[in-house]
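What follows is chain A paired twice: with chain B in the first complex and chain C in the second.
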Partner chain A sequence: MNWSRRRLAESARTFLVLGLVFTIIAVVIETVLGRSDSRIATEFMLVTSMVIAIQVYVGNSGLVSFGHIAFFAIAAYVAGLAALPPERLASIAPDVPAWLANLEASLPVAVGLALVAVVVFAAFTGVPFARMKASVVSAATLALLVLVHSVINLWSGVTHGPLGLVNVPDLVNTWVVLATCLIITAAALLFRASPWGLRLQAVREDEVAAAALGIPIARTRFTGWMVSAVLMGLGGSVWALNAMAFAPAQFYFTDTFAMLSMLVIGGLGSVTGAVLGAAIVTVLSELLRNLEGGIVIGGLEIPELPGIVQMATAVLILLILIWRPGGLLGNDEAGGFRLSALRGRSKS
Partner chain B sequence: MSDALVVNSVTKTFAGLTALGDVSLSLAPGEILGLMGPNGSGKSTLVNVISGVLTPDSGHVVVDGRDVTGKSSYTIARAGISRSFQTVRLFRALTVRDNIAAVVRGGGGLDRTVEGLMTRLRISHLADEKAGGLAYGLQRRVEIARALATDPRYLLLDEPAAGLNDVESDDLESIIRQVVDEFGCGVLIIDHDIRLITRLCHRLHVLSGGRTLAEGDPQIVRTDPEVVRAYLGDRAVAQLEKRNLADGTSS
Partner chain C sequence: MTAQLLIQQLFNALSIGSIYALLALGLAVVFSVLGLLNFAYGEIITVTSYTMVLLVSMGVPLLAAAPIGVIAGILMSVFTEAVAFRPLRKAPAYAVVFSSFAVSLLVQAFIRNVVSPRPQGLAVPAWLDQVITIGGVRFPALSLVTIVIAVLSMIALTALLQKSKHGLAMRAAAEDFEATRLMGAKAGRLILLAFAVSGTLAGIAGVLWIAKTGSATPDMGFNPLLQAFVAVVLGGMGSLRGAVAGGFALAFVEVGLQVFLPREFVPYVQAISLLVVIIVLYVRPQGFARRVEERVA
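Showing the complex of A and B:
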């Protein structure tokens, strides 16, 4: 098992850059922003951390997963149910087992339970998924998403059905959100630099060659799937305890495609790209959301434009796919630019 | 004699077409065996069968006494077989160093580190370049370095000299010699370059239409009429016979 100092160094530099970005956002939230804006900002940080979690699997393996939102949903519901006080839970979800209903868990316990649930679920699905052909995996993950969404939507006695969980205690402050982002970013970068990450990237590049040179394809993919799922579970459970209310509709196609579009725009093979893509799509969405309701600019009345956010995201993806099919950053990390810049200069 | 790569009566058909019919050969550690034959004669199919990319219809592949017929590529690789590909198959988006590091396995106490292999294949200066962006001849060298990184007992090289110029081809020859000397592995090499093959190989195995046409001393490519016909056609055979006749009368 060979750890490469070079790859670790690049990841460490990237972590410094991304960690600084997250820290600055957190400090701005605490010092400048009002209550509603800080809600948007913490939501952005947690969504970004989940895009990073998806990147761990999708970026390193080259396989598109639509199923990660299912991990998000499971983590959110388990954490929410664990944290809700029994008297509130009795009115919305009477069928929750007593041990869980009476738990009224603290933050670490709620997150811990969510992680256990996600690990079990990911291991259960990951074994067959890792053995599937690359062309089939994406369809299977899509089935996973639909399946989990249906269960959450219909199992009203536990999940409160389409109405979702409400009044989930707010156990999370800005610093917890920041810590979550830093842990997920560090783990994703560490995996990228690790021998397991490198082997998964090799399988992504050429499965036949990788197998012929002794890389265990299924085991390598399974490792990436599990790491990615655990990080998704961490982000999802903290998100749930920050959001305070959520419903099954939030864990379906819209969010799946929103997160995947962030990854595609930023660059599938890059953790920095995941953050950049999340930032671009979020800012674009917030700007255009005002247009959706229709506004008046200098006497010119712009009518309501429902769906303009999705439309703009779609156009952006098309442009990216035409001009930079690998996304804005491709496989490059913030911590790798110094090296490549030096190399480019020495060549000329 | 269990220390060898043995292919025993292997047959492989594709939709009724016999790609390999009852082919047998063996390769000992430290030996360089040339596999020749016209296009479509089954050379690459044989390499794919040995390395587990394809499963034979019948026959056996045995590595140092262990039957690996029909096993996965991964199992066969772990049993000590490594290979390069006719159409270079590098991990294109990864650097040269990472291409080798992704598959490296220590063993035998030899200096088989990533840096050591890059030095041997004379690609150290390219360590941080993306493999997919290299010139063709250099990609072939990276592929050989990567194949050696798995600590193989037997190395299968599928047309490593294809697309190389004469200088690169000579370079490759010395690299392969060096590899066999230092690592002691057996090398099965496919190539059309008769000059390279006859100089490099200890033995030759010639396929035609999926069947063994001839095997033995490297000179058979010049002297065996069947081999010459398969490669160069009837006129060349006539010339060969004339030359043999002339040699006969003069001696």
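Showing the complex of A and C:
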């Protein structure tokens, strides 16, 4: 199977659109926004890039993975531990091996180490997962997330337990964030257009037919898993060096659900959809977050509503799934030919 | 290790395993018919537990509260079917993962807002807290009750599947859903029945669970969900016999790890048992049971 020029052109056009959006956000951060707003904006860019990384696997394979948050956590912790100076590490994580503790890594080294860790972990887990029945993968990746989360939570000599890492050096500026977004977006679009991506989509649409065409199912799924993991590792490590402090609770259900819901709402099969979904959920959360602590509107006192953001997202997901199971955009990209418009409404 | 200790730990594993087996069975019943996992399955345990906590706090005796708790569990299961499964019957599998996951979070958020985010305690009557000691081995009354109820439930399920017409339809659907429809079974009613049976099993497991843990929290459904997943995956997805075997296997692995691991590793039991599961799947991607041998009950 060769590269399709039409698919590449579609990906290139989509990249121009999404790249422009990210660049505009970055320029706005640098020129207009104050410190707290620019935090929200860079956070949005990095979360979006991680949603795109998840899309590479979930979108192309049609298999739900909760395990990507585990990659995120591993990347964040490895990058954070590598970047922290030894004297700060000694007080919060005394059991870190000396070579890592004394490293005080620069940005490329910290990200590189995080990527190595994620690749090893993804390769170890990817082999059995690629051979599983599709319906089991979601449950197995959930188990993976629980495993990683509980290890991070308990291994306090290295991870500082439930308190997490603090005072991680801020090695990231807006342009690094932008570059990360652009690399991940480009890679996701390229994978989507590539023969490997196409094979994975074929397996998603009809496993039996794909196998009959000679597509090696397990190997195809494994490739998607690895590409997606590497991108997740990149996004996660840059996120960690931007966030400066994080704790295990940030790598669990609330965030898994937030990221996956961005993907579902925007459209699972589309990179543009991942960005759109991330925007919708972020705006919705920022609007509703004010309600969580209870507020007074025009003399009317609204009581505390813990978890209102999660509740609203859950309702939104249910409604969108019932209305359009493929999410808002389905499989369509910003630079696409809208093939689905010719075929009638997209089924997947 | 002394024989006493061995018997003690075997008994513990047997009692935990009966709850896991019930949980796994309930999940597998739906999976065998639909080929889909219910991510709101844990909330059946949650709803059963909160119903019991509420009733017992109002002065209803535990034995009367238990069946009402099971009924609440069945209603939760049927509700999940109506909200997350039925509207998405033609949608791809991943859509149902998300919709059932969304229902699970909705129920949790609802409990946090309407009841309380804090744990709610259940007063367990004294007779359940008794411990019978025979030859130095302790048999807690609750564990004995758990094993008896689990065995009775499994016998009842087997009878339902083997002797009734609906049971026959369910067994047939597990083999080939489309063919079963063509034979005249009503798909909608069959799926509803599967969810009702699933809710019954999870509700019974929920009663035993809350009696054991003694308190209910909004996210308490997660651990039982995970144990059921693991047991079902180990048992070879959709095979009911496999699910029971998987439930007991998981319990024996957990108890074994607790006994043999050095003390500082005991908190890692859950992580290590999940690792064991991944390694098992590495060797046998389809779990213990094979598709060909698969027969319901």
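By our rule, the second predicted complex is superposed on the first by the 335 of 348 C-alpha atoms of A that agree within 3 Å, B and C clash if a C-alpha of one lies under 4 Å from a C-alpha of the other, contacts with A are read in each partner's own complex, and residues count from 1 in each chain.
Here, a contact is a pair of C-beta atoms (placed from the backbone, for glycine too) under 8 Å apart; a residue touches a chain by one contact, two chains touch by 3 or more.
Nothing here was measured: the structure is a model prediction, and the numbers come from that model.
Applying the stated contact rule after C-alpha superposition, one finds that A:T31 touches neither chain B nor chain C. For chain A, the partner with contacts to more residues, out of chain B and chain C, is C. By the touch criterion defined above, A:S4 reaches chain B but does not reach chain C.
Of the two partner chains placed by the overlay, only chain C lies in contact with A:I322; chain B stays clear of it. Of the two partner chains, chain C is the only one that A:M132 touches; chain B does not reach it. Judged by the touch definition given at the top, the superposed model places A:L142 against chain C, while chain B stays out of reach. Judged by the touch definition given at the top, the superposed model places A:G214 against chain B, while chain C stays out of reach. When both complexes are overlaid on chain A, the residue A:Q201 reaches chain B alone and has no touch with chain C.
Residues 31, 35-37, 39, 83-84, 87-88, 90-95, 97-99, 101-103, 105-106, 108-110, 112-113, 117, 222, 226, 229-230, 232-233, 237, 267-268, 270-271, 274-275, 277-278, 281-282, 285-286 of chain C touch chain A in their complex. Chain B makes touch with chain A in their complex at residues 51-53, 72-74, 76-78, 82-83, 85, 89-94, 97-99, 101-105, 114, 128, 146-147, 149-150.
Listed in rising order, the residues of chain A touching chain B in the complex are 2, 4, 6-7, 195, 198-199, 201-202, 204-206, 208-217, 269, 331, 339, 343. If you check the complex, the residues on chain A that touch chain C are 58, 62-64, 125, 127-128, 131-136, 138-140, 142-144, 146-147, 150-151, 154, 253, 257, 260-261, 264, 268, 305-308, 310-311, 313-315, 317-318, 321-322, 325, 348.
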